[in-house]
Amino acid sequence: MIKVGIIGSTGYAGAELVRLLMGHKEVEIKWFGSRSYIDQEYADIFQNMFEIVDAKCMDDNMEELANAVDVIFTATPQGLCSTLVNEEVLNKVKIIDLSADFRIKDVNVYEQWYGIKHASPSYIEEAVYGLPEINRDKVKNARLIANPGCYPTCTILSIYPLAKEGLIDMDTLIVDAKSGTSGAGRGAKVANLYCEVNENIKAYGVASHRHTPEIEEQLGYAAGKECIINFTPHLVPMNRGILATSYAKLTREVTYEEVKAIYDKYYSNEQFVRVLKKDVAPETRWVEGSNYVDVNFKIDPRTNRVIMMGAMDNLVKGAAGQAVQNMNIMFGFKENEGLCQIPLFPA
Amino acid sequence: MIKVGIIGSTGYAGAELVRLLMGHKEVEIKWFGSRSYIDQEYADIFQNMFEIVDAKCMDDNMEELANAVDVIFTATPQGLCSTLVNEEVLNKVKIIDLSADFRIKDVNVYEQWYGIKHASPSYIEEAVYGLPEINRDKVKNARLIANPGCYPTCTILSIYPLAKEGLIDMDTLIVDAKSGTSGAGRGAKVANLYCEVNENIKAYGVASHRHTPEIEEQLGYAAGKECIINFTPHLVPMNRGILATSYAKLTREVTYEEVKAIYDKYYSNEQFVRVLKKDVAPETRWVEGSNYVDVNFKIDPRTNRVIMMGAMDNLVKGAAGQAVQNMNIMFGFKENEGLCQIPLFPA
Amino acid sequence: MIKVGIIGSTGYAGAELVRLLMGHKEVEIKWFGSRSYIDQEYADIFQNMFEIVDAKCMDDNMEELANAVDVIFTATPQGLCSTLVNEEVLNKVKIIDLSADFRIKDVNVYEQWYGIKHASPSYIEEAVYGLPEINRDKVKNARLIANPGCYPTCTILSIYPLAKEGLIDMDTLIVDAKSGTSGAGRGAKVANLYCEVNENIKAYGVASHRHTPEIEEQLGYAAGKECIINFTPHLVPMNRGILATSYAKLTREVTYEEVKAIYDKYYSNEQFVRVLKKDVAPETRWVEGSNYVDVNFKIDPRTNRVIMMGAMDNLVKGAAGQAVQNMNIMFGFKENEGLCQIPLFPA
Amino acid sequence: MIKVGIIGSTGYAGAELVRLLMGHKEVEIKWFGSRSYIDQEYADIFQNMFEIVDAKCMDDNMEELANAVDVIFTATPQGLCSTLVNEEVLNKVKIIDLSADFRIKDVNVYEQWYGIKHASPSYIEEAVYGLPEINRDKVKNARLIANPGCYPTCTILSIYPLAKEGLIDMDTLIVDAKSGTSGAGRGAKVANLYCEVNENIKAYGVASHRHTPEIEEQLGYAAGKECIINFTPHLVPMNRGILATSYAKLTREVTYEEVKAIYDKYYSNEQFVRVLKKDVAPETRWVEGSNYVDVNFKIDPRTNRVIMMGAMDNLVKGAAGQAVQNMNIMFGFKENEGLCQIPLFPA
């Protein structure tokens, strides 16, 4: 039984961490951090937790927290975690950062895309990009995990096998992604009001979204060379879910069976990545509330492109679930402990 | 480990049974019944079950089924279960019927409101109305459970303490209920198409909905006298959830504390009924995916009425979850086994 | 051609005024007031108006505005309009106030329910409650219109004929209403975020909503005696629409035809009130974007109650449309000018 | 005043024709065709038309209809219109076909993608592809209009200027489109039920959607050479709206201003195509209920691609509105007659 602290427990990703960790057999949440709701009952804010969570929200106090718990999840705005990390803290406690602070190895790229100065660049190198299906071994011994972004998780996992095997021309790669609204966070903004989001679809961050360099970096590692892509996210009127539809030219003629075998090579032993049957397109409804990523592909002989698709719950595999998965690996628990929720449908 | 069969496993309630039972430690589903999809892979229809359920849909064959399993759930249209029940079957297997066939003790009332002839009226008397919070003892030894309707469960539980204690004038009781669309079933009807339901609210079955006599009968038992009410359901553009808002005159002057104490008397030991804090109105979002019913009340001194409110997931506590709860009681399992899902928010 | 000013043109009701007035043949909008967006292009905020509205948002300046236009619409928070009204202004310009400031004749009741001090109580008496179907003659010569609230419009119109004719016992009247989210306004509040509203239904303002005394006053006039009711609004995950379901005891035995004849007596000449056919329940989808209120009723002989139902677009007949209807009457235009939009379905 | 007949008036596109034509000053609808609802009151099916449309649904009878009206709209499944067209009919009446029967010039391509035999291939050549912004002159004198598909309209208009001017490499063109659910029609299918569509996004018809050859043909004309593309539609949980996001390599280095000038060259005189301001992405909510297509583009210097975006109401500019626009041109009415609805927001 380990002790857990959450900084930022009243955002959507933080609340999802609470939901998952309350059902986890090996952990106890000791710290429900939330600057906005200090001293308020957690279950007064998230009424779903009534009679389940009996604790009050606490201020951020990294030093005190580092002494009180074994692992800290930071589900906070960009830039905060990097101000809290230091050697003393990392010697006492493991950190799983759900923000982008440690995801990008080149600090210049980070500072350019995020528009902020990095507060502790010396820890970027050490931080492990916590995508277990790719970096499981590195995760095991990490002190500091950069938990992947939601779009990158879905995008990378649906493209990775073909990038790795050199089957697609990375210069032709285009990612068109769609996300539910919980990805926009729980801040009170007019743009995220019900009436502004409902009955609408729009692209945003066109040619400028911050998840672009994260995807490029990871797919670049897979392909073994630098990779520049188009990535366009869209906001969809639904609560949860990300769908990534990606397009690339095939580097050689292939059959369905060959490509399927490549996906299976990487994922047949992965519980959380489901390679669907032929011609079944991933849909977000089939993964809601679960840690699954459903992936599939379609070869278009007319254009010699392959369309790669992935669907995932942005708050689970795209945030809190993946963070718990990383924690499980770091502490030697079963990797799926606390993560076996069956997708809820309809939800 | 007991064996379970489901007749009607590809409707929304049936699929929810599958979800809950797949996470239940004491059962194994042996029979995924579905007339519409015989011989098709269950996970081809409900893709959320891909790599989770590995079975094909089977025809209804009550005789064969009675020999193969310990308990049968019938999640089928009205009138079917009553044609399947007989002494031979009930001697071999327990039946939990999610349809209305055995809910109403007066067969004439049943036949009048449902417009069909009852096929086995001799079993109505024996059948136990499976609302554990009220009939737990009777459920224990039942062979045949009439699993309550969704609206009745939410309505009865939110009114029961005050009806039982004589605090409300039953002649003044009005129930205005609102339901998500999964309650309308998975049949292909124009009225339930996305574009017909979305961006709309309507009343339906006004002064004629079939759940009326069920509510009246159960609240009549509680109040100790016959009870005639107005019950108006409404269709809400959401997948899951029922909210019941009920109104009645108080029979005497009471304080908040007195009424709260009455609710607590009946529910403080009930895990699945949460009596909310003062002035917190139940909302369906806080119970989604879980077996909770959240209830609360508000006294209006201006009109001397009490407004009683209940919120619930219609597919869980309103159908499959309650059915599993009944099964747990009948087989001596922990009553909450397989039913400890934390409500998913946002979902 | 008259000149129009709007104070509060960037809220949902204000924007709906713009939409309706841009299609009105007798008016020109001269002032797009919006404190929050001063000097910004109106069409940059509401992109639907791109290439349609070519104007910038302006500050509130009642004096200047009174000289520039013939009629001012105030679509502002409670309490503002009453601070702007005075004899000099009213001598120059007509005012149609979409807030509640002048709706309630008893200033004490206003101050108690709204929790603010009324800034110009001397004008309450003069103000005309702008429900044309009931107060058409008074509207004609008014200088100051109190445009009715959204819930009151729908509730009053669906109950008025029976209250007026003494057919219902007003002491038994209960109104259970449901509204889309645009009624909650365009302010940036967590409670109105997409993920908080979607997939949820809740009651709010139980036994305390501010529209209660407004409904009570108007129905009291109709019934000829004071009237105390229960009114419970609910928030529904949709953009537009209000449905009011009301219940009352009948004062005598009546047939469907008698009650229908009473509704027809009041509404057969009213373009914007549609009395539906027998057993057709009003639905919000059938009035969206239009100035219609659809009403109907159902007699329940079991309980001797009548259920009265009304459906309406809260932003049109419940706010901007009704305001334009009042303007048309005040200026001698055709009452339906600019208000003949056919309901948009599906929308 | 001309007379109009609609075959298929009870589908979503047909009903939208009714809405638009009821507000059109130059036409009278004489025939509300609907095989499914023969002899039923039109307003009993679409209650929004209560007290607006006073007519019954009629069977399809092309001969009788040709004698009774001046123009026929066929809003019917693929393959029907081509069985109804012949010389006798076309000599009496103009036909605007909202199905795909006459959109594709190569009958083999049509038969291959639609999987049906074309019943009157001899009229394909004569039929005019009714996209007024491109084919206005041909529309004027046409007897038979092939009204464009919803996806093609949005896609073609957002790409056309750059294809025509040779600014994009057509071999690199990828179209990722998203549509509301009314595009799926009003047929009673499980896949289109509320609970199946809500809270979900999915791709469908991947590399095989029937609108692909239509887009390819029209863009091929613009580019002056054959064009093979990837087109992937997605189903979005909303009633109306299409968003097309398209990607292509630029053929030369260009500035924002140059590209903007090209869009303006084609569209500055087009009322229904709005080229948005720099960096404003089209959103479906801003065009709902109107005949507008909002288009914009973004140059990505990192990848040398341009992202072209278009948003439109699939039932208006994507179907019924465009059909009315074609009718207006054919009969010499003002092109925008009956089409000046201001977009409804929020809707």
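Which chain is which? They are A, B, C and D, in the order written, and residues in each are numbered from 1.
Keep this in mind: contacts are C-beta pairs under 8 Å (C-beta built on N, C-alpha and C of every residue); 3 or more make two chains touch, one makes a residue touch a chain.
Quick caveat: nothing in here was measured; it's all calculated off a predicted structure.
Shared contact partners of subunit A and subunit B are C, D. Taking the CA centroid of subunit B as reference, the farthest chain centroid is that of D. Two chain pairs are in question, C-D and A-C; the one with more C-beta pairs in contact is C-D. One simple way to say how far apart two chains are is to compare their mean CA positions; for subunit A and subunit C this gives 45 Å. The distance from the centre of subunit B to the centre of subunit C, each centre being the mean of the chain's C-alpha atoms, comes to 38 Å. The distance from the centre of subunit C to the centre of subunit D, with each centre set as the mean of the Cα atoms, comes to 37 Å.
Under the contact definition stated at the top, the residues of subunit A that touch 2 or more other chains are 12, 182, 195-196, 198-199, 237-240, 283, 285, 288, 346-347.
For subunit B in complex with subunit A, the touching residues are 12, 15, 19, 22-23, 44, 46-52, 182, 199, 239-240, 274, 276-277, 280, 283, 285-290, 294, 340-347.
Across the complex, subunit C meets subunit A through its residues 12, 181-182, 186, 188-190, 192-199, 237-239, 347. Residue ranges on subunit B touching subunit C, taken from their complex, read 172, 174, 176, 178, 180, 195-196, 198-204, 206-207, 228-230, 232, 234, 236-241, 243, 245, 247, 281-285, 288, 298-300, 302-303, 305, 307, 309, 311, 346-347.
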